[in-house]
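I have a structure I would like to understand better, so I am pasting it below and will then ask my questions one at a time.
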């Protein structure tokens, strides 16, 4: 039996089925991402686990116990909200210690654990500040610290990095993964960013219209997409004669499918090409090795290994 | 943002003079040493301020206005909080209608309300009583209190309460530690705005105040009906001084614009 | 359907049902009652008072005066208040905040005190302005102000001005300052920018401010009472007279109900017009 079990979990709002029979087992210490476009049901699923939305059907079990029978205040889950939801009238330290207060942890131990957790997220010096005095990235870390300090059985993250700019997001992704590895908490992340999901997770759950289209390790889902939706959602893909071919698998060769370069875009560590061929407009990605690359309008030959 | 040219600034200066001239004049006359209306230039005196002591009805009216304002505003705020929570957080049949109803005193001329209350209170035996005044003032100031408590309730991120619950807080704790502290500023300013409106109200109050329960504006108004002498200017000057102080304090604490419009001057 | 919102609204609902709806209903009923100097109010249903108000030209004149004054006040506040709001908008802080306080502050100062100031400025022989003008030899006799319609209009304009400035100010606050810059970049001169860009966007604010000013001016009491005196009556002061002096409550009730109905109709009509014209622009 898995640590957390979602069994044919469903939620309907009127006639709209937001979550439709989702079944998932999460192992202890695992990092799982719920990935999908807006409206796919990922946030609703998270809210049902947290207890803020009641399921229309199905079950949720934590270590075998029925979680739905437990009130949200008693579930012992750590939640990082998309808006961070930091208490504006409390300092960083007071925010982080709030959960421990609710658990009636002794003051001395409380101070110690708050201090340790703030160190863990790199905000040791900010304990006395108020949320409005912090940057977005710092606020996000406080939210994380607040959720982790209570030693939750599961950490729930609702699009925590979506409000950060690109560079900061990348840094936070790496940090988040490291922290999770250090602390070892079972984690469920909700995101619409496939790069983020693949970077952080042990397994990803690709969701669409309330259903899980594929559950598996990122590498597997990317290389062997179960459905066209998964193929197009994870990374870019070309459909050539009904077969899916990844852009990075196509190379410029002496012989192969003939085509003309329509667009060429430099993206730092790789080149992005759009090539007109008899089989349609193909996207090609080539790593930047410093070599000279075909220019716009050039005739090229594309070749790749059949999957 | 482009600057104002000299013509614009001249217009602005004249406009400001127009706006404050009557108020300045009242305060000025209040310092006259003469026994009649005059504009003191060489000599100033506080005699008309001391004279207020000889008119206990003004002093009584002042306390009446103070008590009436404080009480009716407090009750209005208390009633507006649950109503604001209902309107801000729930979609229910009649939501718009309720909101329109609670805001309706703004649309009904105070003179009509005064007449309606006069008739109603006389019929049920509350004519000219303090209780009647309080009830009437609650109705008048409720829209102001509600507007501000509503803004507070709407501005409160629900996620904050969810976060507290997820960390183990009970409903009572959420209310005590999260919700109330965060809506409190709105409640206080709601009370302040309600108080100021109650304190100044004369059109409706003049219909329902009895001889023993006259408020300060009513007393001033009735006095002016008979004669205009420096006494009423010194009383007015006191009222103006208190109001200005309260205004500055309110602006510092909350922002006058936010109070009157609902949004601060820098989009706060 | 959850009962929570209804339970939460209950206190306010009870208050309003008991203290607003019932009294208003009673007032309407009152307007149909009979009254005599010795018998007092007789709770019957007759049209005597309504007939009197509609046939006696005195009342028609009075209502016409009331709305005429309100209209004049509305026009004056719009004419002078809108430019001021615009000028304020272009000021830098701290001046902006300071003058906003100075202009909006009087709203919270007792209307009696403010009107008193006008009486002092222009009242008869003793009025400050009159004395100064006569002393300077510019006029022979004091400018008529007290107990004149003009005086009421001027004083009411002063009392109502902050509402107009506030409404226009609020509308201007919602504008994107870059829009003006965009027009200038496309070659528009300052007058064109004002006329074609700023004014059309400020207009909804002017109109909503106008509605507020009109209704408040039409139902104003203290200022017309003090400046207008006993001879020049408007709707509110006439109602006051009937209720507290003559004691003919039913007649006063007719005046009050008519005023309420007229104002509600005007407000709804004006709102409809504004919505229809501006709905497509401002969504």
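By letter and in written order, the chains are A, B and C; residue numbering begins at 1 in each of them.
Here, a contact is a pair of C-beta atoms (placed from the backbone, for glycine too) under 8 Å apart; a residue touches a chain by one contact, two chains touch by 3 or more.
Keep in mind the model is a prediction, meaning the values are calculated, not measured.
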item	value
Chain nearest the overall C-alpha centroid of the shown protein atoms	B
Furthest chain, CA centroid comparison against chain B	A
Where chain B and chain C are represented by their mean Cα positions, the distance between them in whole Å	18
Whole-Å gap between the CA centroids of chain A and chain B	52
For chain A paired with chain C, centre-to-centre distance based on mean C-alpha positions, whole Å	58
Residues of chain A defined as touching chain B within the complex	50-52, 72-79, 81-83, 85-89, 98-99, 102-103, 146, 150
Of chain B, residues touching chain C in the complex	1-4, 8-9, 11-12, 15-16, 18-26, 29, 37-39, 79-80, 82-83, 85-87, 89-90, 92-93, 95, 98, 101-102, 104-105, 107-113, 115-120, 123, 135-136, 138-139, 142, 146, 196, 199-200, 202-203, 206-207, 216-217, 220-221, 224-225, 228, 232-233, 236, 239-240, 243-244, 246-248, 251, 256-257, 260-261, 263, 265, 267
In the complex with chain A, residue positions of chain B that touch it	157, 159-160, 162-170, 173, 177-178, 181-182
In the complex, chain C residues that touch chain B	1-2, 4-13, 15-16, 19-20, 22-24, 26-27, 30, 80, 83-84, 87-93, 96-97, 99-121, 123, 126, 128, 158, 161-162, 166, 169-170, 173, 177, 180, 215, 218-222, 225-226, 235-236, 239-240, 243-244, 249, 252-253, 256-257, 259-260, 263-264, 267
